[in-house]
Structure formats: structure tokens, C-alpha cells
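Structure first, commentary second.
To keep things simple, chains are lettered A, B, C, D, E and F as they appear, and every chain counts its residues starting from 1.
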Amino acid sequence: MSTALERGRALTRKLNPDLETVLSERYDDLLPDFAESLIEWAYGRHYARPGLDLKTRQLCTIAALTVLGGQTGPQLKVNIEHTLAAGAGREEIIEAIWQMAVYGGLPAAINGLNAAREVFSALDMAA
Amino acid sequence: MSTALERGRALTRKLNPDLETVLSERYDDLLPDFAESLIEWAYGRHYARPGLDLKTRQLCTIAALTVLGGQTGPQLKVNIEHTLAAGAGREEIIEAIWQMAVYGGLPAAINGLNAAREVFSALDMAA
Amino acid sequence: MSTALERGRALTRKLNPDLETVLSERYDDLLPDFAESLIEWAYGRHYARPGLDLKTRQLCTIAALTVLGGQTGPQLKVNIEHTLAAGAGREEIIEAIWQMAVYGGLPAAINGLNAAREVFSALDMAA
Amino acid sequence: MSTALERGRALTRKLNPDLETVLSERYDDLLPDFAESLIEWAYGRHYARPGLDLKTRQLCTIAALTVLGGQTGPQLKVNIEHTLAAGAGREEIIEAIWQMAVYGGLPAAINGLNAAREVFSALDMAA
Amino acid sequence: MSTALERGRALTRKLNPDLETVLSERYDDLLPDFAESLIEWAYGRHYARPGLDLKTRQLCTIAALTVLGGQTGPQLKVNIEHTLAAGAGREEIIEAIWQMAVYGGLPAAINGLNAAREVFSALDMAA
Amino acid sequence: MSTALERGRALTRKLNPDLETVLSERYDDLLPDFAESLIEWAYGRHYARPGLDLKTRQLCTIAALTVLGGQTGPQLKVNIEHTLAAGAGREEIIEAIWQMAVYGGLPAAINGLNAAREVFSALDMAA
């Protein structure tokens, strides 16, 4: 097992303990190493790096997924949950999304706000 | 003068004191209220908001401009300077850019790294 | 209240009288000044400007939202309604969308046509 | 009838015999020459060209629609069917999609995998 | 020769008489029917259609190329010239570009303004 | 060293023997594991996979980089060279690019053709 994969697994155990299992169940029939490969690359090779704290990394992800909006709706929702798990407050998430109106246009920002509201509502219902 | 414009001007005076003048000289012949309108919207209505600190806002902008890369090269460079002015270190900026390989693909991240290198080199030369 | 906000409110009263209330009810709990800020920027600082008539402005918006399609479906539908309110005919809207096949590719244009059909059908049903 | 239109019709008769009729029924009320124009351009002027075999052309389309993901979901599904009809296997399609994680980012690739799974499941159910 | 090709040629003779020759000289060694195919599709199948006047069609193109900005710089400049040839004034072009800040973000709009300035300056120098 | 990294290195030794050294010299001062990480992910985890031949993988990459055009110019050129090294002919590359006019619009396809011409000219000059 590569060091990057180990680092990625250690991080996702904290952020979202079920992530590798969920990905594995969903995609490993199509691509046998999908979950392992994603954890290694995204978490081991990026999120687990030193040099920028995890909470800020997650808020950067929120910003990027907002401006890319068209094809990142499901990933934006998952990452809003990860960003809360990394210690950000709801207001910080909303602010990171709304600021994107400047760079990605109003539709991108509004769709991001809608995604955040759905995540927050689901969390409130589950609480 | 609107409150948003006032807030925007107060913020850009700290971040980049020449910004409104530069924008005004460059675009106000085409659009007489361009500089004022940009300062009001981007800085007064977004960056100056409470709820998320300026340094994190700037790193979110770096992330977004990296994934949008194709049409945001010049703005990425200006915002790398603003992000340094907001207190981020070079390593934090590089990390925010490189993480975008996960969401915007490798070309976007590589072009972002090239933009950062150019800004850092120019600053080192000017130092 | 800024002049831009006043101009924006005057314009949306004609184009879509409920717009600010709808936006306010939907987003002001997340961002207290959302509706005001959007009306000021989009309508006061852009649509209300002289130099290009409102109908052409709206058709330009239709074209842009069509090529950006991925994340602008809901906004395209709202703007098709605004474009009709600004005096454009259905055929003009369809033509503006279909021409975008040249610049944004066939999928963008086809999705735009689907959005227009949905708006027109809803209007016919409501008639 | 132009040569390009003839060539396009000859090709779609093999790839998807109902295509022109379906497009015509769906869009010709909005744009009377829609189906003819699409067949002429996409199939007569592109897919029917010599110089690259049809199966590879279709896999290139899968790759492009995956990275453009946000607004190309329905077209990706239709083209996955066309790519199977052009002789590609399911594994080749999955590989072409997954490779796009490198260029379009993980969300684009994951959404492409989801689209492929839906097409394959529908085909298995219909079998 | 198809009717669409004829219509396209008739239109480009008015809008930009050298267009087919320039395209042919530049690309027909790579793709022998490139110029013919582009004139047929873009001008014969789109710009020459009834239902929307040419000047508005061109302004819609300006809007779309502005929001797509990253890969459409050269085409934006050519189309600014075509839009002037179709009877639009410079102010109308600037307004169509600047309005795109709302939908495509500030960087897209600013890069569009820069493209317009370059075209206008070149025309003034040539005058 | 991970198996994916080994596989990636074995593949790039054939496709572009200098690639890791070039990437390392260019980016490892900014990100010490940049070259290793890119080789592992892009080549070890994607291009080196079974299930789709290398030449088709490369043509899929050409297609994707063409439609993403705005921020992928430099990568498109490198990958045109890799596609030739994987056994594709120039005509196949041109066809894969031109077909993208259907999905990514004419500007994307034209910019892709320009990139291909530059690569071919440079190779002819060096020959």
C-alpha cells in the first residue's frame, strides 16, 4: 500500500468514515480500484498535505465546486458536509459560496446557495 | 454614495490602494461607472462582508480562478497579490492551487501554478 | 438607498413585479441583503443602463445562459419569461437559442430549446 | 438534398435508425429544419468523414461529453448507446470516461460513470 | 451546392466578403471542406435564418463569446467586427459585453472589454 | 514506490522519456512531489490501465482538451505529441479535433486545429 493511500485513508477516517466503503460499493464493479484510487489521489495526494489547514482546503473546494456548478452538484453537497466536519460554520460556507457570484456569475452562486440549504435542512431534520 | 461603495473603497485602500484608479483609467472611457461599480459589487458587497475572514476569502478566490482558468489568468495574478496582502503565505497559495487538480483537472492546476510562479518571480525581482 | 438600487427596483417592477419579494423570501435568511444586492447589481448596474435596449439585453442573456447551460437551467427559464415581458416574441427567443449551437455546441442548444419549450407550455397551460 | 445530408442519413440509419424521426417529432415544431440540420452537420459533416473510424469517433465523443458534463448528461447517454452500436465494449466506454478524471476533474468523471451505469442497467432490463 | 451553403455565402458576402477565402487558405489543407462546411453551418443554417434580425443575432454572439471567454478570444474579435458590419454601434457592443458580468462573472466581462478595445483601436488606426 | 507509480513510469518511458525530469525541474521547487504525483495519477492510474488501447486513450484526451480549450492549450500540444508517439496519424488527430465542433462549438474546434498545426509545423521544422 502506497504512503499516499495510507495518508488518504487516515484522513477520510476522520472526515467521513464511510467514504471508501460507499465509493467501493458504488463504483468498484465498474472499476475495481476506483475507491482506492480516489482516496489515494484526492485525500492522500491533496487534502492530507501540509501547508494549508484542512478547514481552509475544504472552503477552497466549496468555492471551486460552486463556480464549476454545472456538473458538481452532488460533489458540492458531499463537500459541504466535509467542510462542516473540518470545523467550518454554516455562515462561513454560505459566505464562500456567495462570494463566487463575482467570479462565476450569479447563477453559479445561487445554485450553490440552494445546495447548501438542502444540506443544512437535511442535517436539521436528522438532528 | 452607497454604503456598499464606501465599504468597498475602505477595503481596497488596504488591499490594493491603486486599484480603483487603475480600473478607472483603464475602463471608464468605455463605461463611465465601471470602476465604481466593480468596487461596490466585488469589494463592498462581497469581500467586505463579515462571516468569513479576508485571507480565507482570498484563498477561495484563488481556488475558483484556478478551476475557471481559461479566462481568468490576469485576474488570478492580481488576486495572488491580494492574497499575499491579506496575509497568506506563498505555500498556502500553492497548496490551494494544486488541490484544484482534483476538481478542475490537471491542466487547470498546472496553469495556476505557472501563474503563481510568475507573480512570485516578479515580486522577487522587484524586491 | 443607492441610485443603482432605485434604478434596479424601478426596472424589476415592470419586468417581474414579484422578483425582489420572491428572492427575499427564498434567500434572505441565509444572506440578509441577498435580494437587495442582486437587484442593485444585476438590474440597477446592468439592465437599467442606457446604450442597449432592454429587449436586446434580454436576448443576449438568453444566448449567454444557453451556452453556459450546465448550471443555468433555472435562470434560463426565468429569463425567458423576462424576455417575453421585454417584448420579444417566442420565435426570436428560439432563434437566439438555436444559434448558440455554433458557439456552445449542440448539447447546449438542445437543452436551451427544451427549457424554452417548458416555459412556453407552462404559459399556455396557465392561459 | 445536399450530399452531406445524404451521408448523414446513411450513417444514422445504421447507428440509430429512429434518430431523425425522434428529433423531428421533438423539435421541428419549434424549428422546422432542426432534425435535417442536425443530421447534416453532426453526422454528414463529421461522423461520416473518412480518416478516423466510427468507433474511435464515438469514444472521443464520450470523452468530450464527460468533461463538458454539466450540460451534456442526456447527450452522453444517447452517445453511449451509439458507441455500443459502433462496436465498442462496455469496458472501453468506462475506461474512456474514467480517464477524464485527469483532465476534467473527479466530479466530471464520476457523473460520467453514473450516466454509463444508467444506460447499461436500462439495456440489461430491456434484454 | 446545398441551399444552406448558398444562403451562407450570400450572407457572408455582405458581412465579411473575404471570410470564406481566409478560412479556406488557413484550414483547407488540414480539412479540405472546412471553409465550405463552416459557411454552410454557421451562416447558412443559423445567421441567415429568418425570425431574428442580423444585428441582434450578432449581439447575442458577442454575449455568448464573452461568457465562454477562455477559448473564444479570436472569435470574439472577428464577431465584434461582424457586429459593427451588421449595424450595431460601439456602445451597444460594450453594453452587451459588460452585462455578462452578471452571468459569466467579472473576469469574463473584463476580458471581453479588453477584446473590444483592441478591435476599436485597430479600426481607429486603420481609419 | 507504489505499483501505480511504477506503471506510470514504465509507460512514460515509452511515450515521452523526458517527461518526469521536465516536470520535476519545472515544478518540484514549488511542490516537492509534483512530478511523482502526476506520473502516478495520470499515467499509472489512468493511461496504463487495461481495457482501452493507448492510441484510443490519447485520441480521447485530444477530444477532451479540445472542448475544454480555454485552459488546456499547452496540454493539448503535449498530448498531440504523445498521440503521435502512441501510433496515431496526423489525419486521425485532425479528425478527432474537428469533430468537437459539434459538442464544444466552432471556436473550440478552430483553436484545436491551430494547436495541431503548430505542433506539426514544429515537427516538420525539426525533421
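Assume a contact is a pair of C-beta atoms (placed from the backbone, for glycine too) under 8 Å apart; a residue touches a chain by one contact, two chains touch by 3 or more.
Not measured: the values here are computed from a predicted model.
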(request) Walk from chain C over to chain E along touching chains and report the minimum step count. (result) 1
(request) Could you tell me which chains make contact with chain D and chain E both? (result) A, B, C, F
(request) Tell me which of A-E and B-F has more C-beta pairs in contact. (result) B-F
(request) Look at both sides of the chain E and chain F contact and report whether the same residue positions are involved, with over half shared, or different ones. (result) different
(request) Name the chain whose C-alpha centroid is farthest from the C-alpha centroid of chain B. (result) D
(request) Determine the centre-to-centre distance between chain A and chain B, using the mean Cα coordinates as centres, and give it in whole Å. (result) 23
(message) Can you compute the centre-to-centre distance for chain A and chain D, using the mean CA position of each chain? Integer Å is fine.
(response) 31
(request) Indicate the residues of chain B shared as contacts by at least two other chains. (result) 41-42, 65, 67-72, 75, 94, 98, 101-108
(message) Taking the touch rule as given, give the residues of chain B at its contact with chain A in the complex, in rising order.
(response) 41-42, 46-47, 49, 51-52, 56-57, 59-68, 72, 75, 91-92, 94-96, 98-104
(request) Could you pull out which chain B residues touch chain F in their complex? (result) 68-71, 94, 98, 105-108, 110-111, 113, 116-117
(message) Under the definition above, what is the set of chain F residues touching chain B in their complex?
(response) 27, 30-31, 34, 38, 41-42, 65, 68-72, 74-75
(message) Considering only the defined contacts, which chain E positions touch chain A in the complex?
(response) 67, 101-108
(message) Please output the residues of chain B touching chain C within their complex, sorted ascending.
(response) 1-5, 33, 37, 40-41, 45
